[in-house]
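First subunit A sits with subunit B, and in the next complex the same chain sits with subunit C.
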Partner chain A sequence: MPKYLSAALRRHDIQIGIIIAVMATFFSTLSPGFLTLGNLMDLLENYSVMAIMATGLLVVLISGGIDISFEAIAAVSQFLVATILVRFGGNWLSAFALAGLFGGLLGVVNALLIYYLGAISVIVTISTMTFYFSILMFVTQGRSIYDLPNWFTSNISFLSIPFPVMVAAIALLLTLFLLSQLPIGRQIYGLGGNPEAAKRMGCNIVGLQCFAYGYSGFMAAIAGIVQAHRVEEVVPYALIGRELDVLAAVVLGGASLSGGIGTVSGTVLGILLLAVLQNGLTLLGVSSYSFGLVTGLVILVSVTATAYAAKRQRMRSVRHAI
Partner chain B sequence: MIVPRELAEHGQSEAARAFIEMLGISKRFGGVRALSNVDFTIRPAEIHCLAGENGCGKSTLIKILAGVYAPDDGKIILDQQAHSHLSPAASQRAGIQIIYQDLSLFPNLSVAENIAFRHHVETPVRLVRWREIVRQAREVMSRLGVDLPLEEVVGRLPIATRQLVAICRALAAEARLVVMDEPTASLTHHEIDALLETVHGLKTHGIATVFVSHKLEEVMRIAERVTVLRDGNKVGTYPAREINRYRLTELMTGQKFESSLHSTFSSEVAPILEIHGLTRRGHYEEVDLSLRPGEILGITGRLGSGRTELALSLFGMNPPDAGEIRISGKPVLLRTNRVAIRHGIGYVSEDRLSLGLVMPQSIADNIVVSVLRKLTGALGLIDSGRRRKTVSRWIDELHVKTRAPDRPVQELSGGNQQRVVLAKWLATDPRILILDSPTVGVDVGAKVGIYQIVDALAARGIAIIFITDEVEEVLHQTHRILVMLSGRITATFDPAKVTEQELREAISA
Partner chain C sequence: MPSDLASSSPTPEPSRFAGLLPSDPTITMLGALIAGAVIIFGALTPSRFLSGDTLRAIAFQMPELGILSLAMMVPLMSGGLNLAIISTANLSALVMAAILTRLIQPATPPSIIAAVIVLALLAGLLTSLVIGFLTGVIVAFFGVHPILVTLGTMTLVKGTAVLATSGTVIGGFPPAILFLGNGTLFGIPVSMILFILCATIVAVILSYAPFGVSIRLIGSNERATRYSGVPTEWVLVGVYVVSSLLCWVAALVMMARFNSASAGYAESYLLVTILSAVLGGVDPFGGFGRVLGLFLSLVLLQVISTGFNLLGFSPYLTAAIWGATMILAIVIAVVRDRWITRLWPVKAN
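Right after this comes the complex of A and B.
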């Protein structure tokens, strides 16, 4: 095999790309409905909310933390924004601005708790998830909001690209720009790669963490608004319980659970893989209960693969030492 | 850097020639006095070694220089300005760059970005200037005369290369003084040579280097001046050419360094281990050796001479292709390490002999930790009676002075801690103990402790294979020396009848 080809095959994103292509071919031969423009556009629209949330989670994972609370933040922000819009009216700009504000603030609360309590991010964000969500359920008593303004629920599209897909595309591009072209993005990579070194280099650790978790909350809230637009209602418990799907997609896309590693392109591929797999299984008539099986397996396999690679690295250095 | 002219011109006295002066520095942590009244001066472009045993105050002094700690007393004179303490930012502005032992690099980022990471922190609100980052990395690399793969992720590089990245980063920050904390701890001989070369390169660019090290060999090879600390006090600053390693050891430990081997063995007793024609292709060939109870057999040779591979074969972890191993006269097949352990063979790698204690845990737990399996009763639970008996047997036999075996090991004195280490190994009841480089990376004081342990083990009739690089060590601490070269045993020496020079020649023949 030519050298460049074998090098390319070792790249994570190329591997995922190949798996997606193989699966797409497989599903399209079994189910002719799969490879139609209609189905593919549906697929993109269905997964756009997940993609927006994934951008925020990606940034937190790169910073060396994890955020489990983003779906709860999305639900809370969704409810707050919908209430304000129903009572006072507004437009898309104010909807996004308010959502971003609420989501960002709730994210910053996560960061401050993590920094000042010195607690592990997974524990803190599981706690805040429960806390945020319980307050929401307590206040709403589980009641949904159906009387959303017309402008909010009516379909918008540009060049036949649905609105949610556009927002997802913008979120992805914004995150790409943040991570590759802004010093703060590079500092976040540094923080995730070696927190002690980041501190010694003079990075403002609490600032970076506030940014990362705030960004995650911000994106989650934007996703919440887009989701409310799509389903034309705000149901307090609609979003909760899908955290692991998003996490699975981001980790599938090559982001490391131990920080410092992850890309936007990988995240896109991770979501596509999950999307093709779930959609294909649905078209084949496999029960949707199997999705949990798939996401659980994905997380398990990625975590194991990371640990295995680290172990092999250690073994190699041991052999080298001998 | 350029010496300020007014200083250089009337520059007779020490003070005038100094670039950084730390005067009368004292520091306490709670009740512990880390430094008391220490003076430390660094001249421009000099290579200065800060030597001392672990806990002597080296790190504290460096951290005061870095601005991490403020001294309780004393002053720091930097560019003719006296400071009561430095802030981390002031320290860096003055051109002081510390390369910590862990190097503080970002393993997930490229070489170029690591070198120029400062850009990200100093100008946070603008686009990343990737071209500028690559340009600066190139410029620094050419100044240092090294060639590193700029795009490669640092985590994939060997340690020695990472160290160069760290040095490049210090240069990129306009360093006038680079402090390296134990820079050679994880390097091979070859890599150490290259590093020392690089340090000389820094000197030609007018950059001073402070080496913090307890490895005497390097200290003597590189330093122009050596400052020795002991127990938080300054012993003195010496021109490196005026002292030798033995003198330096004395200065660091405050005691004379000599052979501590007292045990003897009887050559009448039948060998416990005999090896004939043992071969593993590519690793070692036709190895013959015999070992008697109580004998300490030194095996020396360069890294890659096959000594570790041979040792691993004896421990069942690297099965030989041909040859015979006999234990107490009976041929054995050591296919796995479990088989080896059953035959009474123990293998201790690197620093396990010294670091083998879990400090906060009790003396009893430390003694039985390696024999827990032997103490289990019917249900796989630990039989507390047998545990107690084992513990009290060794405490009595080795005279460990303690009020109660349930007290944490850290409360014991150093000597008593050593007895606990000894008890731990004796409890496993080994007949043959293989020690692979037991003193690598260990400071001089602890080395002496390890020698005493080895000696005591041998005195109890345990046969010991002592693998080491260090010529003095094998000369003073073993009963017989085998030299390995390219997988073969090329020479056997009686330590009493060979000189250090002869032995060195045999190793590098």
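Right after this comes the complex of A and C.
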């Protein structure tokens, strides 16, 4: 059964991969600027913040929950870290450590509320999102932080790979390792697949949920730092409102909202799909006003096709059983 | 381990005890919270809070969020969700706005204006109907999770609106339209009358009409409902059509209040509508919920926001309190259910 499942998953990955390849070929024949190293690096850098956030959301989705509050967590952590850095100074290590700490803690608050109140995760995280973000706006009065330290805003690259892309790559590899190699990763799949079974197997449910939501908060905060580095300022409301875009990318990558299903490779492909589409359209000179329309169509067609295939599969197996 | 099995089943507690308690516990709790909020704000700002102005402010602010919350509530009752309500309302408003502003010139005679208004209303209605029908068909016949479908339709519909307007605002409507948002009838705002009308219709449908009962049954157990002969697919299509129709009414109220339409209005309301519905006792898994509860939760949210406004607090603090109220309401519900099970122990069914 696991073999069959993994084969099915791979098929979805391959489908998305083929669509990306077809689109990339299409765009590169129409616009010679598409398949250049510079453009591809730009593309990766533009979507690196989204990719880092997506890894955290992926883990929560696999655990059978959903997190709407991660952008708010990113905004809050970003602001806290920037304030500390401006006042006391610091370095990259302390920036990431502090961000991870704040983000992780705020995520764990989500998990504890969900577990001890027995409430549905989407409602709890909508509430905490509203709460975290409004408190942030209340405290900052919407004011931005511009005087970030020089070391923080200066461009860093290694082998001409920009810093955000490196962080995104590390985040993706870390999540891949966590989900596929560590026991806790397998337990998270188990929790999402069948919570009751996971409980009876002796999994520590509250611990796993704290880990999943904490990880989501952690990654969101890291993404917040990377975003602040890219735009060289901290604007309290800059990150908010894109929660559902990240969710769309992760879902395009084959993660299931009912839990237990999802891969890092799929998530990468989901983000690449949106990235290549929007970048290609820009290069073709299509107005950026049409992005929403195109993205919406892609999401609708993709989720409908996936669900329809699954439904036919189910019907076939029912017929076999009869 | 019967207790384990009982706790793992998603049967909501309130419905089971509705007959035992004097009234619906959600309604009691919301009533108590509203009374508490009114007493606190009344004590803090006696001269200004306990006045007709407060009531008027609440009556003018509630309908928009209220009608949109109804549009969210109907899919929630069926165990679904409609994330596209705001974008549907905005696109519908834009279609109406475009017709009104293009076809009505300063010199247009009143009879033609009336015809144009009717045409605009019909076009907006049709826009909403098409969106709702497509959403419903994809949810019902392809079996896609409503969050995913409406995430797609939300992006698509908003994308269409942004592309059509290039992000601009269309404004300047005839007085008949503006009357819907700012006028009063017997001292009651017209928008409030519209909201109460919508709320009553939705309440009657959900409680008495076969369609409404089917919606609640689907929310409880879709498969069992299908096996008992209900055409669940078409009921689900109906759910999203009704939700979209309510978005059309919300579109009318919104465009009348702002005297303009845009692709980006009221977006912050999206998650608040879920919040107000759930605060009002609508089960996010579907099947249970009352319009009265939703109404009271909206009153509570408006009382809080008006009160904080009078105290001179930032609107952001109000939003934070809304989020905290939601968590508080869940805590109260959990504690309450624990006490109820202790006082009236029920055998696992």
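By our rule, the second predicted complex is superposed on the first by the 283 of 322 C-alpha atoms of A that agree within 3 Å, B and C clash if a C-alpha of one lies under 4 Å from a C-alpha of the other, contacts with A are read in each partner's own complex, and residues count from 1 in each chain.
By our rule, contacts are C-beta pairs under 8 Å (C-beta built on N, C-alpha and C of every residue); 3 or more make two chains touch, one makes a residue touch a chain.
Worth saying up front: this structure is predicted, and the values here are computed from it rather than measured.
In the superposed pair of complexes, A:87 makes contact with neither subunit B nor subunit C.
Using the contact criterion defined above for the overlaid structures, shared-chain residue A:181 touches subunit B, although it does not reach subunit C. Residue contacts after overlaying the shared chain place A:260 against subunit B, while subunit C stays out of touching range.
In the superposition on chain A, A:196 makes contact with both subunit B and subunit C.
Contacts of A:135 after superposition: subunit C is touched, whereas subunit B is not reached.
The larger set of touched subunit A residues comes from C, when the choice is between subunit B and subunit C.
Overlap of the subunit B and subunit C contact sets on subunit A: residues 196. By the touch criterion stated above, subunit C contacts subunit A in their complex at residues 8, 83, 138, 142-145, 147-149, 151-160, 162-163, 166-167, 267, 271-272, 274-275, 278, 284-285, 314, 316-320, 322-324, 326-327, 330-331, 334.
Subunit A meets subunit C in the complex at residues 68, 113, 117-120, 122-124, 126-131, 133-135, 137-138, 141, 196, 241, 244, 247-248, 251, 257-258, 287, 289-297, 299-300, 303-304, 306-308, 310-311. Here subunit A touches subunit B in the complex through residues 180-187, 189-190, 192-194, 196-198, 200-203, 260-261, 322, going by the rule given at the top. On subunit B, the positions that touch subunit A within their shared complex are 88-89, 100, 102, 104-109, 113, 117-121, 123-128, 308-309, 312.
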